[in-house]
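Below you'll find the structure I mean.
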């Protein structure tokens, strides 16, 4: 779990801080402090241009498709594996070494391996997204199942609950908050994977645009794409948070 | 029993890999043995070691500065509340942003050199060091502060004797997590920057279709990261012996 | 229609956990419809004994017979009330009260009705849609009791049910429990730390000795019933019984 990072809650302080940053940025840009710091307004204009001529929308669409193609399987498989590991000690002992090792590993090192496997295609991006988010989801799901209150398990057994009922009516609901946390963290990782994957194959999507504008010194456009990536990251994160709040009303 | 299962899963993995190498999934998927021999060859020729040295230079530089800047910054954020509240917004945004997106910008600004790699490592790791230092200060148990005031401790004494030791576990955890992020940044930077370090070696091997060398370098990189993180975890454990 | 209460026979039960001998050769006979308390110093195995009756723990030797049938796992005759309430935090009061019925395959409509009735009986009418986190300890335990009673058990097993509840709430609850019990007689076995509680509620009190747990002594409580609201605690007879119990326990410390 990401230590120290709390959910970005854009309250009043947040808006003021961001506004302040934009103003300072605009000033520095106007003062021509560096060719690498264009004014906010220039960036905004470039952003608008890119949206208008479809470049940004196309790239974003490609990125989002890869994101979904990678994240959905990661979520489904991740939860399944996490549940299995949480419930069955044998499975846990078999897999936890790998899961723990790969969770903190620089998975980007494996992207060239994926390229070797799939070739330079957008499947690599989906695969990277999967890789980046899978392990976080597994670990959190596993923790959730393992931290089920044993007292509740005993209570359910006292009323005659069998293995299936125990799993469905005690372990699963009990693990739900942790599963949701895993999915939230997984989404954040997925977006990062999406960008890294796209940058490394440099073929499609927002990542490709980042490389392109970097190579062609189109700085305002580069900032525009960075801003778009940030927006997508924030939007997916907020979406995940909203889902979490909707499902977990009882806390 | 547990050991047996763990060993079994490693063996299963190697077998799976061996099988994958024989099945024609893609061209030149190297077998475990080929990877191992390539690794030995790379070690012998010194190629992988010099690449490692270059990579570690960037890492040490970027990560070191991240700690030197991040910890004090986080502490200040925690002690001076208004600063904390504002700076935290920027940090949250930085953490939310997929940091790799900033790499082209950094390369543009600093050029294709070790400085760029170091800056990228810095940007990847500093938010977590800072946020954790901040969190560590903020989460000091109020009861302990109350107790210190009851003994009429000065602000400095409270900071050094209560706040710092209390925040230490979280700071160290942040540093450890930041190291894993630093490695991520390093690798992505090098895969893109090309002329340097382990990343370069990986990309070069790939473009020359020397997949066994590529796999070997990837394996080496993962092991390196793993060892570094484990070492840091050990250190953390030593420093925090008072925690049961 | 409430089922008849049944007799419980604990026949030579022994249980060890690793090297720790929790119970040794325990013989207890609980008459049908009797209210029996188990008391003893920490580590005497009273909770373990309750769990063997509940079928949650299997004895190493000896057996437990409930209503003529040997216990081989959690059975339909018994219902348990837990010290820490053990309510599902993600479910409402209504759903929690229905839980036992749900596990026993009772269809939804019947479940809902029966649970609602029980919730009213324990005095929580109106709280059906609240979550446990919104309730006080006493109220949560009432839900636990409603859940236990909803499945119409012949035996009610209570593991220090009032330990986590403040004293004033506890007294009210104890009276309510006696009231409910008098309306629908069940065999009750209650584990407690409180001597006063044991005497106030029970027909007999079984004192267990500390590790390894054995039946040390059985005290009769000949106080007349009903005891709820009758000022029993103020009588000399009550004080004497509590004192007798204390004398027995003190020697075991």
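Lettered A, B and C in written order, each chain numbered from 1.
Following the convention adopted for this analysis, a contact is a pair of C-beta atoms (placed from the backbone, for glycine too) under 8 Å apart; a residue touches a chain by one contact, two chains touch by 3 or more.
Bear in mind the structure is a predicted one, so any value in this text is a computation, not a measurement.
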Contact-linked chain groups that survive once chain A is dropped from view: B | C
item	value
Chain with minimal offset from the mean of all protein Cα atoms	A
Reference chain C; chain at largest CA-centroid distance	B
Distance between chain centroids, defined by C-alpha means - chain B, chain C (Å)	55
Whole-Å gap separating chain A and chain B, where each centre is the average of the chain's CA atoms	18
Distance from chain C to chain A - Cα centre to Cα centre, in angstrom	50
Where chain A touches two or more other chains, by residue	none
Touch list for chain A against partner chain C, complex	149, 151-152, 154-161, 165, 169-170, 173-174, 176, 248, 250-251
Chain A to chain B touching residues, read off their complex	2-6, 8, 10, 13-14, 16-18, 20-21, 34, 36, 90, 93-95, 97-98, 101, 104-113, 115-119, 188, 191-192, 194-196, 199-200, 206-207, 210-211, 213-215, 217, 219, 222-223, 225-226, 229-230, 233-234, 237
Chain A-touching residues of chain C, taken from the complex the two chains share	54-56, 74-76, 78-80, 82, 84, 86, 88-91, 99-100, 102-104, 131, 133, 151
Interface residues, chain B side, partner chain A - complex	1-2, 5-6, 8-10, 13, 25-26, 28-29, 85-86, 89-90, 92-93, 95-105, 107-109, 128, 131-132, 134-136, 170, 173-174, 177, 180, 183-184, 186-188, 191-192, 202-203, 206, 211, 214-215, 218, 221-222, 225-226, 229
